[in-house]
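Here come two complexes built around chain A, the first alongside chain B, the second alongside chain C.
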Partner chain A sequence: MAGPSFDDLEVGDELPEFKPDVSMERIRLFVGPSGMAAGRFTDHEAARKEGLPGAIVPGILSAGILAGLIHRWAPGSRIRQIDTVFRAPVLVDSHPLCRSVVTDKDESDRTVEVDLTITNEQGETRVMGTARVEL
Partner chain B sequence: MILDLHNHSIKSDDGRAKVENYCQWIRRREVPIDGFVLTEHRQFDADSDYRALEDSFGILILKGSEVETDYGHVLVFGVNEDLLHAFDFTRLDLPLATVVRESERCGAIAVPCHPGRTRVGMCAHVEERGPVEGVGIIEVLNGGSRGTEDHDAQALAGKHGYAGIGGSDAHIVSHIGRCATRFPRRIKSEEDLVAALREGKYEAVSWT
Partner chain C sequence: MDLEALKAEWVGLDFDEKKFDLSAEQLRVFAVSCGEEEPRFIDPNDPDFQAAPTFVTTLRSARVLPSGFPNLGRPFDAGKKVILHAPIRGGDQLIGRSRISDIYSKTGRGGPMIFVVHEMEFRNQRDELVAVVDSRQINQPEAK
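== the complex of A and B ==
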C-alpha cells in the first residue's frame, strides 16, 4: 500500500480521521492480555465508585490508537517519537475521533512532525500529542 | 488587532509546540490573529528572543506567564524585573490577592484563566470563599474548555462585572488561534498590552 510522499506533504495537511472502536468488548480484549484488567477499565460501575464518569480507555491504548492512525496513513513509515498528554479520560463505549495534522517538515532527515488529538462527541480534546514520523 | 493571549510552547512542562511552528501554522492556515502571547506555566521565559521570528512571519510574539494560586491558574501580562522579585512564580499555592496586588504595583496585570475548570479555575473558589479584591478581568473564552466551563466563566464575569478576554490555551501547534481577544488599538509590546487591557476596550472571540 503506497503511503504519502514526503515531497508532496505540506504543513497543514490533515491525515485521514479515524474512529476507534472503544467498546467494552474491545477494551476487555486489550486489558486482559496486557495485565491491566482493573475495574476502572472493564466495569462502568466500578469506575464510578472510583470517582470516574465511567470506565476509561487505558492511556497506553490511546497512545497505541494514535500510532495506528499514523500507520494507516503511512504504512511504511517509522515513528521516531510519539508523545501524548492526557487532558481528560476517553470513556469506554464512547465514540471518540482521532485526528492528526502535519505541523512541520524536516528536509534534513525527511521527517514530519504531526499533532495528534482524540476528541469526544462534543469535540472536546481528551488526549493530545505529537509525533515525529520518518517517511 | 487580534491577539491570542494564552499559549504554551515547549518551555512549559506540558507544552509540545515550538514557537516557530506556531508562526508557520498561523501563516499556512491563515489563522486570523496578528500575534500571540506565550504564557509558560510557573515561569517567565526571559531568555528566549523571538524577534527574528516576528520579522520573518510578521507576527507579534509577546511573553507573559501562567502562575498557580489558591484560586486557580492566573495569566500575568507585563511581567518585569520588579514582578519577578515580588513573588515566586514556581509556587503552586500563591495567594491570588498577592498576585493581583503585586502585579498592579509593578505595572503588570493578573487575569484568572479558565475560571470554570474544576480545581484550577476560580469559579468554585469564589463560590466557596468569595471574590478577591482587585480582580477586574478574567478569561471567558478558553480554547481548551470542556462542557459548561466557558459558560460558567461568563456567568462569573457578568455577576461581578469582570471584563473578559479569550485565549487558546494551546499546547500543540494546531490549537493556536482557537480563541483570542480583539483590541481596537495597535499593540506592539507587553506594556501596550497591559495598557490596552486596563482601558477595557476589547472583546473575546472564538473560532471553535
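== the complex of A and C ==
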C-alpha cells in the first residue's frame, strides 16, 4: 500500500485511528522476550494486589504500538526519533484508541513531526508522544 | 536536596556497559507484539529485515543507576525517547553504554519530583552508533 506523499501533507492532517490489541494474550507474547514477565503486566489479580486497577500494558509496548501506527499510515517510512510520555497506565484487555496528527513539516530533509496519543475508553490520555518521520 | 550538587557529581558519568546478542526471532516477536505488519519488521527472510524502531527499549542495562547514587524516593518510568541512527539487524551484537545525562526537578500535583535521565547509547559490532535511548525516571521523595 502506498503511503502519503510528503508534498500533499499539511500540518493538521490526521492519521487514521487505530485500535491496538492489548489483550492478555498479546501482552504475554510481548513480555517473555522483553524480560518483563512481572505479575503487574500478566495477571490482573497480581496487579490489583499492587494497588493497580488491573494488569497494565508495559510502557515500552505502548511506545512500540505508536510506532506501528505510523508505519500503518506510511508504509516504508523511517522513524528517526520517537519520544513517549507515560502519563497513566493503559489497562490490559481494555479498548484504547491511538490517534496522531501532523504538527510540522521540514522541507530541508522531507520529514514530518507527528503528535501521538493513546486514550482509554473514557477519552483520557494515557500515553502521549511525538515522532520525527522521514517519508 | 541540593540539585546542583547532585548534577555536578553524577551527570555525564558512565556507569554501565552491557553486551546484547540479538536473534532474528527476538526482533520478530517484538514487532508482532507491537502490531507491525511490514515484512521488513516481521519476516526474517525479508532482505531488509530489521528491528522495529523502539526495540532497543527492551535492552536494559545491568544497573538503572550508578552504584552509590542517592535514594531519591519511589521511582516511576515516566517515558522514553529513542533516536535511531542505523538499522538493527538479527545477529547483531550490540554494546549498550549507560550514563546519567540529566537531573532536573518539577513540581506536580503530588508535590516535588526529581527526574533522572538515564541515557543508553547502542553501538553494533562494527562500532556504528545505531540508537540512543533516554529513559526518564521520576522520583517522588514524599511518596510512600
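Just so it is clear, the second predicted complex is superposed on the first by the 135 of 135 C-alpha atoms of A that agree within 3 Å, B and C clash if a C-alpha of one lies under 4 Å from a C-alpha of the other, contacts with A are read in each partner's own complex, and residues count from 1 in each chain.
Convention: a contact is a pair of C-beta atoms (placed from the backbone, for glycine too) under 8 Å apart; a residue touches a chain by one contact, two chains touch by 3 or more.
Values in this document were obtained by computation on a predicted structure and should not be read as measured data.
Undergrad: Identify the partner contact of A:His71: answer first if only chain B is touched, second if only chain C is, both if each is, neither if none is.
TA: second
Undergrad: Which partner does A:Val85 reach: the first (chain B), the second (chain C), both, or neither?
TA: After superposing on A, A:Val85 lies in contact with both chain B and chain C.
Undergrad: Quick one: chain B or chain C, who's touching more of chain A?
TA: Between chain B and chain C, C touches the greater number of residues in chain A.
Undergrad: Per the contact definition in the header, classify A:Glu10: touching chain B only (first), chain C only (second), both, or neither.
TA: Only chain B is touched by A:Glu10; chain C is not.
Undergrad: Using the superposition on chain A described above, determine whether A:Pro96 touches chain B (first), chain C (second), both, or neither.
TA: A:Pro96: touches no partner chain.
Undergrad: Between chain B and chain C, which residues of chain A are contacted by each of them?
TA: Common to the two interfaces on chain A: residues 83, 85, 129.
Undergrad: Per the contact definition, I'd like the list of chain C residues that touch chain A in the complex.
TA: Residues 25-26, 29-30, 32-38, 41, 52-55, 57-58, 60, 77-84.
Undergrad: Within the complex, which stretch of chain B touches chain A?
TA: Touching chain A: residues 14, 16-18, 21, 24-25, 28-29, 144, 146-147, 171-175, 208 of chain B.
Undergrad: With touch defined as at the start, can you tell me which chain A residues reach chain B in the complex?
TA: Those in contact with chain B are residues 10-12, 83, 85, 87-88, 101, 103-104, 113, 115, 117, 122-125, 128-130.
Undergrad: Touching residues of chain A toward chain C in the complex: what are they?
TA: Those residues of chain A that touch chain C are 18, 20-21, 26, 29-30, 32-36, 59-61, 63-65, 67-69, 71-72, 75-76, 78-86, 129.
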